[in-house]
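Both complexes below contain chain A, partnered by chain B and then by chain C.
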Partner chain A sequence: MTNHVPHHVNHRFDALTINRLGLWLFLVSDASFFIALLSSRFFVVGTSTPEHVDQVLGLSLTILLLLSSLTAYRAEAAAEHGDLPNAKKMLLATIGMGIIFVFGVGYEWYEAFKHFPPSTGFGTVLFTLTGVHVTHVVTGVLTLGFVYFRIRKSKTIGDNQWAVEGAVKWWHFVDVAWVFIYPTLYLIK
Partner chain B sequence: MAVFMPIVKGLIGAAIGFAIGGGISQLITSFTKEPATEPMIVLGYVFAVIGWLMGVGMWKVWGRQWFGKSTNNDPTGGWERYLRFNIDHKVIGIQYITSLVVVFLLAGVLAILIRVELMDAGQNIFTKNTYNTTMSLHGIMMIAVAVAAVMGGFSNFVLPLIIGAEDVAFPRVNALSFWIVPPVVVLLLLSPLFGGFDTGWTAYPPLATQTPIGGLLFELAFLTFGISSILGGMNFIATIVTQRAPGMTWGRLPIFAWSVLAASVISLTATQWVAYGLLMIIFERVFNMVFFSPPGGNALLYEHVFWFYSHPAVYIMILPAFGAELEIISHFARKPLFAYRWVVRAFALIVFLSFIVWAHHLFTSGMGENLHGPFMILTELISIPTGVIFLSALGTLWRSKLRLKVPLLFALGVVFNFSIGGLTGIFLADVATDIALQDTYFVVAHFHYTIMGGEIFAIFAAGYYWFPKITGRMYNETLGRIHFGLMFLFYNITFLAMFVPGTVGMNRRVAEYPPEFEFMNLVTSIAAFALGIAFLPWMYNMLNSWIRGPKAPDNPWDAKTLEWQTSSPPPLENFDEFPTVTGDPYGYGDESVIHAKFPNSTDAISAEGD
Partner chain C sequence: MHKTIQETLKLGWVVIVILAIMTAAEYIVAVVIDDTAILFTLLLIVGLAKAWLIIQYFMHFGQLWEHVSDAWYGMLSDDPEADREED
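Here is the complex of A and B:
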């Protein structure tokens, strides 16, 4: 049985445009979730940040995630120009940095349990914000992983153009979310 | 039995998922000494939903693609096509409508039980705890019907047709947003077996963090329902933006599509907030976090976050209802929709205002008093765009030759009931009166006047109006009129009578009340039982007409909009030939206005007769 393919009649928008619109709408929706998250930080603990927050770790995680956004961008650009080997390399680099980030957050949690466990105000905020964010990171890593395995054996990008683009856009979103979470959690005094 | 295979597979998938998730949770918590039931339920449930989705067909239709395998999304078939993960928007619309009718009837039975309890001042059939669980369940189930019946049910069926599209923009996401609804219903029905929840549908902490397991099930159900709502909103916006027929400019978009667009914007962005509110409760229960407990936490946080969704949510309910109401009034008055452009502006203004009025629910919650004035004024501003919508309905009705069919009767019922609902709302928006009326039956009556009198009546209007298109059969007009007459009469007696004890201070959410309120409560209860009986002719009419009713013509109402220009029920691809839109959808009385042309047919759609 063939696939039921919609949009074969009205060609005013191609599938790529529709997919982009859908993803952007989803990002708007998810951004609204992060706004709620960020606002709860100020409600629960105001602008106070305990001394034991590991500033070096926070900054390192931020730099790592921003670098991974760069490699993700390079992967997308390479895929667009049909340079598959480079796209795969850059995807792998992004995935690698994503996994390191997840372990970094794990270490942060291990430290946080000593100074501000979830049953304290700051602990509540820290575990919720980083927890929700690291869940997003895991979905991003999984998505990039799926995309990598789909293009691993192929010679041309073919139908997977959108797969690369969508996964990379999602990764950028996850990074941008962190760019807001980082100052909210670490830098405010 | 083969037709139930996807459901059976889904249940097996859910069981496997629950075992995996629960197992992982038990493994993790075995390192701590904390009680581990609630983490196990949460993680088990998440995996169970995934297993359920894959089992009912998401794996076959969608999941295989992630691994580079071929998929099979054939939406055709006998009636088994309604019992699996199906991507046809018409199937999904019918799935939503029929499931929500079941939920509606169950919640209706709960309402009857509540009224039995409240017939006299003492305690009758319930203990205080079972009473609270009953009224909470009635609340959340009716909220689910109110949010999803128009947006999930009728929008799904009608929206692609009315804009001349073949399907929604993302058919698979559409199927996904339906199939995460059954777990919601299952959890809600299970919750009384696990101790129930006595928080009401609003789930305020700190009580919500202390309820038995039943409360946790309710919170998970609500959260899941939010995901469905978000995905639906995203899909409808993308559909309206990208899938309109050629020539369907924004100025020619039927008002129902506009209203769905407006409601979708709200459900896309605001629903995330209630998801976060419930997530905070679950985190506080499972991880002992302190969002709502001193020293840092504060229960007001939940109320802000919750109402930041739940106030806009009433516009998710009522805006598509207004859209359907105006649509029906224009077609049955045989007149162009009065002030079409102003209605669209009113929708936009309501969407904007809906985000900045939430704190009028917190006037008596201990919120800073400097916020009372602004939120009172902003709330009252909403009556301006709502008034525009009313003026449009009245202007369309003005000096028209009405065709008094059942859909129009219900649409007129919306105009009448929502006027009362809107006017009583002013007293609740006003801080001075709200402080006295807060948490009384006045609020209950007001809410039922807006949502039941407004939206549920509009759902019935839409149900009768689109019944011939959805089923291909005509309903029985006489039975429909009997249903309307009984429902309108007893609905109004039930809820008008509720204002009286509310005004003098009868608290809501109580099983016992002071004996001086007994008489009006008895009136309300008897009228409520009669209101329950009013649905019997409707149920008989719908079932009997769907099976044995006379075949419906393609366009029984002589309406100009596109859903009536295809066969009843529509073919799989919606239209045999796709239309080009050339004019206003409401150009009645002007022969020169032609809404749409079909490539190979000579008869373009123009106004008929009158």
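Here is the complex of A and C:
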């Protein structure tokens, strides 16, 4: 059977163009949600930050998420160049760091309940911002895991190139969100 | 032009090292500076720079414009006859 493309289909609207544009539109709309949440910090508690905020944990989580962005980038690059074994390794490394990040936020919450519970102004801001962000991290880990299982037995990337690219873009977006959450919650005073 | 895998990986390392330096700078600035307005401004500048690095190099923001122009011209030339002539 020949793969016939009807003439009335506009070739400029290929699937990759639509996928990429759609994902970017979604990311922009999701970013506006984070901007609203970030600004709420200044409305609720101004610029004051309690002294019990764990600076070491905040910095460690930031470094971890930045490193996971590098492994995600390398996974995408490896997949694009047909190096599937490395793409799988890097995807697993990213997933691993994402899971550690989630546990790190869990520990932050455990400590936060002692010093600034959700009933306090800063607690409200911290639990809301990190809660929304960690939900994004969890969906990112699940998406990367889904992509990993799709390609784990493959020898070529085939139709899964967009799956890798889309999941990795989502992961970078999660990182960009944290780039602003970290100074807003931990550094401003 | 497509980059080789080595060039792509090298770019990743360069970006992550710059991000690490900026994160360290961010932390030091927060420890050293007490003036809220100055601190807020500096943190915002560093944050925007870090976000730009990730969006530009890790998320390949440049690609987006090719797709926007493709979609735009695709809408303008939504004429089956014109497409047939192009083919």
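In this text, the second predicted complex is superposed on the first by the 181 of 189 C-alpha atoms of A that agree within 3 Å, B and C clash if a C-alpha of one lies under 4 Å from a C-alpha of the other, contacts with A are read in each partner's own complex, and residues count from 1 in each chain.
Basically, contacts are C-beta pairs under 8 Å (C-beta built on N, C-alpha and C of every residue); 3 or more make two chains touch, one makes a residue touch a chain.
These numbers come from a predicted model, not from an experiment.
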Touched partner set for A:134, first chain B, second chain C, both or neither: neither
Contacts of A:81 with chain B and chain C, given as first, second, both or neither: second
Touching partner for A:21 - first (chain B), second (chain C), both, neither: both
First (chain B), second (chain C), both or neither touched by A:119: first
Touching partner for A:40 - first (chain B), second (chain C), both, neither: first
Intersection of chain A interface sets (partners chain B, chain C): 7-8, 10, 12-13, 17, 21
Residues of chain A that touch chain B when the two form their complex: 1, 3-4, 6-10, 12-13, 17-18, 21-22, 25-26, 28-30, 32-33, 36-37, 40, 43-45, 118-124, 127-128, 132, 146, 149-150
Residues on chain A engaged by chain C in the complex (per definition of touch): 7-8, 10-13, 16-17, 20-21, 24, 47, 55, 59, 62-63, 66-67, 69-70, 72-74, 77-78, 80-81, 83, 169, 172-173, 175-176, 179-180, 182-183, 186-189
Touch list for chain C against partner chain A, complex: 5, 8-9, 12-13, 15-16, 19-20, 23, 26-27, 30, 34, 36, 39-40, 43, 46-47, 50-51, 54-55, 58-59, 63-64, 67-68, 70-71, 73-74, 77-78, 80, 83-84, 87
Touch list for chain B against partner chain A, complex: 66-68, 71-75, 87-88, 164-171, 173, 230, 233-235, 237-238, 241-246, 268-273, 275-276, 279-280, 283, 287-291, 295-298, 301, 304-305, 308, 573, 578
